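In what follows, chain A forms one complex with chain B and a second complex with chain C.
Showing the complex of A and B:
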């Protein structure tokens, strides 16, 4: 669906650290090796509470078939926690929303840098950008001011074109 | 640059003007019987259609966007526009229906569109794009889902700070976020309008008039911000009469009975400040309104770089008329 949620650097699902939502029946935790230590620590801290959880560790690369089987087999009331680097999180997030999770049912903790994209209003190309308020389009070289608005359809922030002085 | 030449057809925006102080209303009001049908043929019709079609031909990606699943709504739009046009202007538009075989005739342009209603393969353009090219308005179709409205089809040639390409698929609230040059705190207002839109029923469209000033350009979209942004600085109190235009956007919000979508229609009209002498009462009202615009609003409307020059021009114009 065109208006499916997209993970971007300001997504509401992104949190600083893992915190379990105690209103949910089950907690599905998908994490990679970078997050493994923190996930184990969080689970140990809640070990007295009979938390109904299911951990799933991403090894070197995501096996999409396994991930989909896992996500589609979840019942209503499951809360999804993603704790990983950006690329793993983006993949899991996209698969999870495809499988019917809403943003309210997902919590994401990113390890390492977040990726940021811009949509060039001159040539309609989406490209990755580094930090900073002003960038150049990777395709047409137009100078752009990074706007504050994000399009789920274009998967990037608006790039307002300007002519440098 | 277009300008309205028949001032009886120009929608003068400052009707809620009282005590020489600017008052702004965003309310969507009910329409009088004669205004429910938005169709309006002005002396500028042919030149506007020519320009609109040129833009659609030259920049199809910029000016027209749709999702593939919108065809049924597009045909509903075709039927609506044909009905409204014939209803208001039977001397200018007509349709012949032989089963699903329709022939729409635009007598002003001497053009005929023949197609099988409901079969998009019978047209070279998408149905919405085809029929929209016969009318000078901008048309945005917003689908009602989960108490919000999502832009699914748009044909746009005149709207300011709007881009079908960028805004496609966005909710009403998302579309009303992006105002460049200044961060905008309009969330509460946008949400109020969104809730109001939910109450609009078929057959009872609502309207609202928005206005702005434009410096030597009517086509102010995101795609060309690098060009028109700096151009706003060339306005002086001497040239404002020709360069600066009062830009009025008359908006209709129409509930589509079958799809339940909201059709958002814009009629954008321009009047150069110098033409205000043709209606002295408009000149005075415009002057007092513009002189009273708060700074934050001038920033948010993008007119801050040339508002003082425009006010000075109007003041000089009024004084010169008094001398005469």
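Showing the complex of A and C:
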């Protein structure tokens, strides 16, 4: 959808570690191998009786059809936890919002580096960038200040071109 | 093109929908096209009674894209404060009525994947236009609608025919009485938004139930008929930026007292549901009677909805 939420490095869904939302009735945990240890540890603190949870492990690559079947079968009152590397999280997040999850119903714990993207206001191209407040466009080489605004439509920070000294 | 403001209308037609519900068709006196509106919108109507103006808000029930006229449906409330009784007993075809531009505090959640409506009695009215809008967009929805009997259920036949399989009716005084309950919210698919319209007790019950089932607050929408009632204590209100101290007596709301004192206080629904009349509280404890603010907001922010809430003690200091 045009204005669907997007996972980006400052997303309000990103947390340092898994913490269960006690307002929800069910907890769906989608995780990859990097997060498996932490997820299992977090779950051992709760019995299935006191915490209604459903774990789903991503093995190697995400099987989109299985993921969609899982997400679309969820009912209201379900909270989704994504614990994985950035690429897996971005895929699960996009599929989850398409299925109907809102940012209020998603918690994301990223293992490893987060990715950042910028939308060049000069050549209208979105590209991945490294850390820093000033970057160069990957397509037109324009120097740009990063953000502070993030565009859900362009899926990147707005890049403001400037002429370097 | 119209400039925002009030529109002079005349009553072109009146239809008896049920024993207690009438539908009034309002046409613009200047015959220009009216502003379009979105599902769930309402207008404020002003009827000149000679010595005062009768001001009431009613949901629009005409088609959102039909700009030739507006229609409103009014239930004659046996406990009417004058509004519905006057419209039913005195308004006739040809009468002049002033209408505001359409306003909408009860909009459809545009992120929703499925919409679930709960109406009690005349609370059906905002859902008529919402369903029109969703049907035109090919989106999914369902209606749960409670009334005393089939005969008292406004628009029953119309809804039954127009939206087959999407409407469930509950008649509390039929041979086999059925009660509408919040339980039907439990198994809604992810991405559902729920909407309630009815008396305060019904809306409060359904809102609490939705939260207890794990719905996020942003997926819950509601509109009220009237503000919650309670004991009305007299109190003083000091408005610091107007240098005024106003007495609020038990027969009036804080909003009425402010308006009577010549202060242009904002307002809209007058039922504690829309938040338009929110004012900053500088000093004093608030007796919150709205269902607009969450408990967290009440704790974190110092504010009051003047249409329904009052002072807990003798005095409030406000800034507006």
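Methods note: the second predicted complex is superposed on the first by the 163 of 165 C-alpha atoms of A that agree within 3 Å, B and C clash if a C-alpha of one lies under 4 Å from a C-alpha of the other, contacts with A are read in each partner's own complex, and residues count from 1 in each chain.
Everything below uses one rule, namely that contacts are C-beta pairs under 8 Å (C-beta built on N, C-alpha and C of every residue); 3 or more make two chains touch, one makes a residue touch a chain.
In this text the structure is predicted, and so the values were computed from the model without any measurement.
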Touched partner set for A:23, first chain B, second chain C, both or neither: second
Partner chain in contact with A:147 - chain B first, chain C second, else both or neither: first
Which superposed partner A:161 touches (first chain B, second chain C, both, neither): first
Touching both chain C and chain B, counted on chain A across the two superposed complexes: none
Residue numbers on chain A that touch chain C, as the complex places them: 1, 4, 23-26, 71-72, 74-79, 99-102, 104-105
Touching residues on chain B, where the partner in the complex is chain A: 61, 67, 150, 163, 165-171, 174, 177-178, 180, 183, 222-227, 229-230
Chain B partner contacts - residues on chain A that touch it in the complex: 2-3, 119, 121-122, 124, 142-143, 145, 147-149, 151-154, 158, 160-163
Of all residues in chain C, those that touch chain A in their complex: 111-114, 185-192, 211, 213-219
